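Below, subunit A partners subunit B and then partners subunit C, in two separate complexes.
Let's turn to the complex of A and B:
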């Protein structure tokens, strides 16, 4: 098992902890992730809204680079892992659009030809959750667990883009893959209905009253369900939910304090990996304190 | 009938139909007619607006008389629709109907082509092929086969019951086969019927017992048809009767055995009550079950599972009706006609997970609520939540699994009305505030709109909008512990959160899970959505493409009780028509052996799917029984000496058709 890995901008900046923990966890699972050489912007939100063809071409260049690596050598399609939800969506969307719209495909491919690339649907765009559950398997994950998370109540938050609109590996309404990983780690997955409800997305920057409120709703509901921690697999969701908790309290009242981790950080802790390897020091709301206060459990990490 | 000598020159009449604009909108019919008039043998070539109309048919007949035509070709729609019309018209003018040939330029040309020039060219090619072919046609006779007057009805819901009684009252013998242990179908589960609110049991159970006691009806419940052979008028059917472990003729339905069962308490989900109550391993589906005979469930009965029960039920039965040694029984029967009335199944609400069915205990399907409001249901007619509380607010979500491109696209027709009925009944039983969430209200039916109006006046809330999700996500103390229905109220343009105690999902109707298996067994078709396909959506709604097999009720598409009963009556009338005619005329497109050329190799015999070919020992030749031959052509193709010929598909007919089709191939 070997995968080509597309970090995207977030995992190199605001979401560094995601990249650090993802790589550490996959290393522990002995599943190497090989970073795609010379990757560029995936073409996400802003680009898509301004110039679709350019956005598709940007995405297609990344797909083309991956194709060049793995396509055509008789080993089946190359798996390209996109951990950021926006990258995952844009890359998947591009692939589908190029298949469905021949005109667009011609336009994009003529652009790619200039740099000696083609994009011919020979790559499988994959999300780490999909790989964890369907390729690696929960059993292998459970085997690596050293620090038992018994008693820890975890609210899995999927966000919108991982399962919508392309529900390739999980239900678009009631996804379960993250909950199953959480249970495999020995923690308790909190049942809650807001798993895929909007986190506010980029509204936090443009219409903060609305964006903050949307994030706050999620945190409040997770807290109402007695979650000790929220885990997510999207850098924007993690940022919105975690970094703005003070701002929510200031602007909207009802202060809230709830750690928000990447799923891979929680996995790393359960595997007993060093905190620094997981980017735990980058958290705004430290996890240790609440975890230590677990009722019926013990400190996850000391 | 005059029969032109086989060698006489063909005098062909050609007619091309406009079919309004269906054909003429794409095909230049005038130019086709003009072209065909130049072909050898063609005496008359005309175009006409509607060839199937009386004047159209008269045109053909007049030409036969005036011009001594001996071959007729009509280019119009599918032979499925009007071949018999034109054959009949041909015969009426004194010409053998098999001198007629049809060309399908509607389904095969105009409906599937957008380029008029190409379509016209294709119509000409097909016409030319038919003109060449028809020259080689011969005069054929139809054979008459007597019809077995007995009828098989599959499915004992209201459709099957009504059809059975209609036929039985007309003096025909009916065998009614029902899969469940009782007849009554879905209707038996209902409390009231819309829009009159009359008690479903009061109008249904007398008909159920009439079926049981009617001298002309044989009722086999807990039985399934497992094989069908034969053809119209002469079907051989095999029915598998599942073991009830009860001697049906001895059981009087005293239910002492149920009291006597080793299980003191009922503990297995009761199917009839949608699992809302429990039953014992020995049980009767409901008090008015017909027949009034208990049955034993082999999956839960200790004796049947392990053989180690003290069999207290046997002791309790003073008629010795319990028989644990019973096994599956195969019955053979011969019937002339079959009516399929296998009904529907409700949509599995779990397929639309955003409604919370199976997640939140107080989300119910409409069928479950039917049982809850039913006086003989699990709660004696009290509408209670699973924890025993009476709901104060109840939501009813319309179109669950209907009008939804992710699940079923069709409108299930009955849900608006049954939702209104349930709204009325739940309000009457509980005094609760009721919210209906609907996309469109569809109440076309006698007194249906008036019923809707009545509900509006009763103060039931109607919110026009498709429910987005149902959660237990409370955002205020008032919402705590409730189900929160989030919906866009499209009439006022806002998203609303409606907290309710109970949510009813108005699940749609869909084809039975085994409809495709049934379709294959009875050799009929299904529409794209999976319901049984009628022969014609308007003019032959209860016929199928297989003669002698009819469909009635919701197996053909979603429908309410009045429409189901009307259709069941129509199916019975169709069967009666056939039975009272006494015979069917068989198509003469059968195969026969040219004995002089048959080498007696027997290779055709095992190939025949209808077992129509036998070997005549003294002549050492094969023989084809025309009554059994269906004209599939398998033997014709397989015969090494070319000694098998099939009427209407003779070599020279087919080859000249191909020649005709390719005659102008140089143009390409």
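Let's turn to the complex of A and C:
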């Protein structure tokens, strides 16, 4: 198994710990991720607001670059792994729309030709969750667990764009893949209905009053359901939920303090990987497992 | 906008059909990849499932109705289209399979092209600055983007964000080093060619 990896802009800055932990965990699982050479920004949600054809062309260049690498596993289509929710959505959407709308495909391809590329639907856009559960499998994950996270209550937060509207590997409203990985690590997946409710996305920067409130609702519910930690697979969700907790307290009252990790960080801890390799030092709200292991679980020091 | 006073005493608050833009619905439907816009049954599922509808001046359901009827100016000037955070809840839930998120995008693009959006409203300004940054470097650089964004919207807001920026810096999550594609002009060339086609 080998995969082409599309990091996206956030994983090189605010979401660095996501890239670090993702690569570390996949290395431990002996599944190499090869970064797509010379990738460009996917366009996220902002580009689509300005010019649609340009937005699709921008994203399609990455698909074209991956296509050029040829077949992937077993000479089937190349798998392009996009860990960021926005990248995953935009790349999936681009691929689907180019197939469904011939006019758009023609326009996009003439742009691509100018830089020596084509985009002919020979890539599969995949999310790490999909690969973890469906290609690698929970058994292989469970086998690597050195320190079971017994007693730890985890709220899996999927956010919007991983599961809506293009993902085929999980349900758009009641997804389970992340919960299943969490359980494979020995932790307890908390049931909470807000797992796919929007965190506010970029609204936290543009209209903080709205964005902060949307994120706060999620954290409060996770806390009410006695979660020790929230895990997520999106750099923007992680930033919104973790880095803005002080600001939520200041502006909206009701201060909250709940660690928010990337799923891959939690996996790395369970695998016994060194903290620095997982970017744990980059967290605003430190994660201490000792407090979590109250229900007969072994106290594990972090 | 309604043309104003009907008399000294009576203010007309409703538009006549002749004042509406009758081609607007078709135009937006086409831009949003679907004539399905016209099959909306006004059930309001989109408004109910939308996490941001609390803050909108018109709910998504009303936007659809207004687009169809041709309330062009009202729709392009409203905040709703910009508040849409692209979570796709409405798109997934709509019983008539209308891609409401795409409708919102089509409206944002139209407002952007026409240059009519609420003045100094930060959301379209972020979109525009993001677009420019990527055009220049091929990748988005969050630090410089936020600086440009605050300078153009609310320079004082930058001061309030110093503590969080400082912590991001300390934890290595904010960099001034510019990420870019090998050839910075790649994206510009690409986009120009696509635009011409």
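FYI, the second predicted complex is superposed on the first by the 285 of 302 C-alpha atoms of A that agree within 3 Å, B and C clash if a C-alpha of one lies under 4 Å from a C-alpha of the other, contacts with A are read in each partner's own complex, and residues count from 1 in each chain.
By definition in this document, a residue touches a chain if its C-beta (ideal position, glycine included) is under 8 Å from a C-beta of that chain, and two chains touch if they have at least 3 such contacts.
Since this is a predicted model, take the numbers as computed values, not measurements.
A.B. asks: Of the two partners subunit B and subunit C, which one touches more residues belonging to subunit A?
C.D. replies: Of subunit B and subunit C, more residues of subunit A lie in contact with C.
A.B. asks: So, does A:40 touch the first partner subunit B, the second partner subunit C, both, or neither?
C.D. replies: So A:40 only meets subunit C here.
A.B. asks: Regarding the shared-chain residue A:99, is it in contact with subunit B (first), subunit C (second), both, or neither?
C.D. replies: Touch status of A:99: no partner.
A.B. asks: So, A:214: does it touch subunit B (first), subunit C (second), both, or neither?
C.D. replies: second
A.B. asks: In the superposed arrangement, does A:171 touch subunit B (first), subunit C (second), both or neither?
C.D. replies: first
A.B. asks: Scan A:193 for contacts with subunit B and subunit C and give back first, second, both or neither.
C.D. replies: Only subunit B is touched by A:193; subunit C is not.
A.B. asks: Can you list the residues of subunit A that meet both subunit B and subunit C?
C.D. replies: 173
A.B. asks: Applying the document's contact rule, which stretches of subunit A touch subunit C when the two form their complex?
C.D. replies: Listed in rising order, the residues are 9-10, 12-17, 38-41, 43-54, 57-58, 61, 89, 97, 100-101, 106-108, 110-115, 160-161, 164-165, 172-173, 197-198, 200-203, 205-207, 210, 214, 243-244, 246-247, 281-284.
A.B. asks: Please give the residue numbers of subunit B that touch subunit A in the complex, ascending.
C.D. replies: Residues 353-354, 359, 469, 471-475.
A.B. asks: Help me check something: in the complex, which residues belonging to subunit A touch subunit B?
C.D. replies: 171, 173-174, 192-194, 217, 221, 224
A.B. asks: Across the complex, what residues on subunit C touch subunit A?
C.D. replies: Interface residues on subunit C, with respect to subunit A: 31, 33, 51-52, 55, 83, 85-89, 91-92, 101, 105-106, 108-109, 112, 122-124, 126-128, 130-131, 134, 138-143, 146, 149, 163-164, 167-168, 171-175, 179, 181-182, 186-187, 189-197.
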